[in-house]
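Each of the two complexes below includes chain A, the first together with chain B, the second together with chain C.
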Partner chain A sequence: MSDQFEQMIQYIKRDVMRRPDVQLDEATPLVSSGLIDSLALVDILMKLEDVTRTRLPAGKIQPKDMDTVQLMFATAAKLGKPRK
Partner chain B sequence: MSFGEFTRLADEQAQHLSLSGLRAGDSVVLVMPQGISLVAAFAGAMVLGAVPAILAYPNFKTDPVKYSQGLAGVLANLKSPLIVVDTSSTETLLLDHLPKTANTKVTRAAPLQRDEAPPLGTWRRSVPEQIAFIQHSAGTTGLQKGVALSHAAVLRQIDHLARALNITESDRIYSWLPLYHDMGLIACFVLPLVLHLHVVMQSPTSWVAQPATMMQLISDWRCSLTWVPNFALQFLARRVRIEDRAAFDLTSLRAVINCSEPVRAQSIDEFVNAYAASGLKPTVVKTSYAMAENVFAVTQSHVEGSPPRVHVDRQRLLQDGLAVGAEPESSGSTCLVSSGTLVAGQEIRVVDQNDMERQPGEVGEILVRSDCLFDGYYGRPDLSAQALRDGWYHTGDLGLQIDGELYVTGRSKDLIIVAGKNIYPHDIEHIVCQHPAIHDGRAIAFGVPNPNLGTEDIIVVAEVSREDDFLDDAKIQNALRDAIVAELDVAARAIYLKPPRWIVKSTAGKASRAATRQKLSGEHPELMAYDQSSSVGRHERPI
Partner chain C sequence: MTHALFALTSELTWYAGGVVFVAAALVARRTTHRQIALLLACWLFYATWGVGFLAVLVFSSIVNYFLGTALRRRVTPARLWIGIATNIALLVLFKYGVKSLADDAGIGAMARLARPIGISFWTLQALSYLFDTYREEDLDPSFLEFCLYMAFAPTVLAGPISRLSSLLPQFRQPLRPTTADVSEGARRVLLGLFMKLVVADVLATGWGRAGGVNAGFERASAGLGGLDVWFLAVGFGFQLFCDFAGYSHIVIGAARAIGFRLEENFDRPYLSPTPAAFWTRWHISLSEWIRDYVFMPMTMLRRGRWWVYTSLLSSMVVVGLWHEAGPTFVVWGAYHGVLLVLHRVGQQVNRSTSYRGLRLGNAGSGVMTFALVSVGWLFFRSPTVSQAVSMCRSLMTFRSYGELSLPFSFYAVTLTVAAGWVMASISGRCLELVRTYWQAAETDPVHPVALAPTPVYVTAIDALDYFAARRWWWLAPILIVIGVVGGFALTDLGATPARTPFMYTLF
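For the complex of A and B:
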């Protein structure tokens, strides 16, 4: 799991925020703290699907369910369906 | 839902609002999520002859105290006796945090009861010149300007727009646009209401989470018209999986109208190419130039074909404010997309800083006069006098005309548009300067193009009061981000903290946005590279 956390954190820093120097960990609030915009959640959701090899029902996921990397993986574990 | 059912619901809301003390002529603020209850309450207020105003709904990022303080500012300006909410949680939020000086009652909307009973008959005959509703423009909630629009102005705009778009009863509109924005309210709710067209509506939050749902709903419901800000085209092209696109049948769409953000050719082309296999017509994207102060559209591109494009020399456009033809593929050329020709009842002038007419192909500020123009900002004669002079509305937008087509090239006001939402830099700067570590008046915010999203990102640079404050750099940045998102519901892409006396001041002693931006770009080349990727000229030099 820690590898997956790290993969997501690196993706968010490098591709979403474009700030590899920023300090982030799995418990850092992202949307509620203004670090990322809710528009970026679609990219993060697609990346989360790739990392967890699942399909996620975006309609059932609220921005608050994706506010930290920890919450993202908890959401994927709860709602994700194995990818065909 | 049929029109009969909707009429019934609006009538019920009118009864409920009347029992809550609302009277004809009163203004009423609606703080509700996108849905049937909101539109029924909006219509219900008008049934009574009251004046509704829809405000943005608080979400999980919203700071309840700041939201309530801002709302109190709007209430004080509108002198509203009533706020309508949807749930007990919103009611509690407002009751807990709304300043006690706000002498306004909070009530929940009537529960929805769909039945077959006839309307209750609370309808009043409207006076054409009476205010129908109030739209709020950009700004922090407390400082938003309320644009008061009469029934006559709204109906004239709808008539003009319907003609420009050849709207018939067989049209069906799709929308995810928020109803506190003119494009969502006028084009996608009031227009179909007046013309008795079907509308398929979803909330902005559900669309952002699942962009594919827009195309699915258009496909399922055979929608023919929709309005979107420019960024949405690129968002739909890049954030819907190719395998998901195969299921859509988009042959029913006859116009996707790109409006409320600078139009970018690349975004249009990406969108059209991405959905060609789904039956999207290659000429489906149209353009429009619109604003709340004019109810909505000033221009609209022709319903047949694509809006014209011109390739011009980027440097001449930026430095001299002139559209000089250039080879399309040359490195120094930029592509401008027309926002269309004038809709009936509209006039524009393109003028220089001395209000002198610019010639075709010359950039100037766009002024608008029309038969559906607002009378002024509600309760703000000072702002109204600045914006409306001799019957002309000074838009603050820059543009030029070629062969009767309007090309919008930038803004003379330093407005930032993030995903269709207007943000004033001074609102961000005000929030940033409230932090104790930031030197008062020494913060600058501006927008840079985000080519990946087809919209703008917010950049902030601020001076700390003391060099020692750099020890808390990360902490201060986080606090500033928190404050910006809590009040404005937007994220800053980058915040740069600088030492005392770093920000460039004008001769008048005020922080200079243009010069500071240039200095920041010099120190941070990554920002410069980002800035130059724009296909639309910026506007920092005098014209």
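For the complex of A and C:
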């Protein structure tokens, strides 16, 4: 799991925020702190589906479920359905 | 005369009843007694706009409570869709259908049910309850609590659009407002009244007989110069902001004074550096609602950049439609959707090509965003799309910029309000920056001002904190004096602006 956390953190820093130097860990609030916007959140959701090899159901996920990297993986574990 | 007096007495009696019930809620020991007292106060307050309206609100509360209960018993997409369809049907029926039905059939009594005040707001609250229930959030309101959520007086007329997850725990706690709550609540109410009664109303109707935004838009059909159109767009933008943000201050403050915390609805929107940032600061409760319940679910249905942009555009059209099912609002929503998409595409192009040609900086980007948002207000305010397009055409016709046909006082008032608002908005931030800079002097040995005597800094920082925390107490009177003196100097001494209703209670 920690590898997946690290992979996601690196993705957010490098590809979403474009700030590799920013301090980020699995408990850093992303949405509520305004670090990422809704469009960036969509990119992160898609990455989360790829990393966890799941499909997240539309209508069940809200930004507050994706506020930290830890929460993202908890949400994927709770709601994600295995990909066919 | 007798009828008017009776109506006034009757309305005052209802308000007095509401106050008595709020007082009862504040002293009630049992949760149920407190909730009953609050609900009666809220229903009485809402009924002052019309008993027919209250009937529609109660009906919607009953229907949605049972829809939610059915959904909680068995969570299926079909049950959610039934809930969504029912709410949209009720919204369309009572906001538009009943009025035309009553007109067609000539039934006056039926017209009393048409366009219940706040229906667009409490319908979204009902829908968010259904969506959250579908998401299997831990929500278990009693019927009493759900009715209170729907009718809650501080939110029922024009938001902020609240979530049950935020209000339910507060409904279940004793109401124990502290002195700080009452003081902060009173400050917000006074600030809201100033924004609405002084700033928004003066902008709307102008000072005295001179004419303001309303008269300007009426004249627009006869043709206006480019500068006039800019002034109208900016003037209306500030009028709408001061009207709606003022309203939000009043209700958030009133709720705070009796111990409730509501979400903020505005955060210095006209200082936004990008269109995307604007929508995180303007009517926050609506934009978050649309993000959570329209944009996110829609965007997750498919993959691909084009689908994300389609979802964004569609969500903004829904924002427009929510205000009013008319072409001007659809165009306004679509315009903002296009702005958001173009901004995102620009960001992507910048990133993928490392293009560094057009760099506006934060201030330039902020001015550009403000100008684009102001152009959007022309569609929001104009009665027809063709009038808004014609006003946009004036903006593009540079030779028309020399034609100034609006009253001189309108330009003065608009400039005063815009400058005053920017001063009020950035003064706190400037004081914060100075404070941070000075505070660094205490810990940083190589700081340029580190050698100065410390007591001076302590006093200065205390003074900065004092003025930063109370800037509306010293800045607002300055602005009022500037506005009043300016207004008197420009027009009749005895003239006062006319009163206008809160604009968002009309949606």
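Keep this in mind: the second predicted complex is superposed on the first by the 83 of 84 C-alpha atoms of A that agree within 3 Å, B and C clash if a C-alpha of one lies under 4 Å from a C-alpha of the other, contacts with A are read in each partner's own complex, and residues count from 1 in each chain.
The working rule: a residue touches a chain if its C-beta (ideal position, glycine included) is under 8 Å from a C-beta of that chain, and two chains touch if they have at least 3 such contacts.
Bear in mind the structure is a predicted one, so any value in this text is a computation, not a measurement.
Enquirer: Have a look at where A:Ile44 lands relative to chain B and chain C in the superposition and call it first, second, both or neither.
Expert: Once the two structures are laid over each other on A, A:Ile44 reaches no partner at all.
Enquirer: After superposition on the shared chain, which partner residues are touched by A:Arg19: those of chain B (first), chain C (second), both, or neither?
Expert: In the superposition, A:Arg19 contacts chain B only.
Enquirer: So, does A:Gly34 touch the first partner chain B, the second partner chain C, both, or neither?
Expert: both
Enquirer: Chain B or chain C: which reaches more residues on chain A?
Expert: On the superposition, B touches more of the residues of chain A.
Enquirer: Quick one: is A:Ala58 in contact with chain B, with chain C, with both, or with neither? Answer first, second, both or neither.
Expert: Touch status of A:Ala58: both partners.
Enquirer: Do any residues of chain A touch both chain B and chain C, and if so, which are they?
Expert: 18, 34, 37-39, 41-42, 45-46, 58-59, 61-63
Enquirer: Please give the residue numbers of chain A that touch chain B in the complex, ascending.
Expert: Its residues touching chain B are 17-19, 23, 31-39, 41-43, 45-46, 58-59, 61-64.
Enquirer: Name, in rising order, each residue of chain C that touches chain A in their complex.
Expert: 77, 80, 131, 134-135, 276, 280, 291-292, 295-301, 303, 308, 312, 344, 351
Enquirer: Which part of chain B faces chain A closely enough to touch in the complex?
Expert: Listed in rising order, the residues are 59-61, 205-206, 208-211, 213, 231, 235, 239, 241, 418-419, 453, 474, 478, 481-482, 484-486, 490-494, 526.
Enquirer: For chain A, which residues are in contact with chain C within the complex?
Expert: Listed in rising order, the residues of chain A that touch chain C are 18, 34, 37-39, 41-42, 45-46, 56-63.
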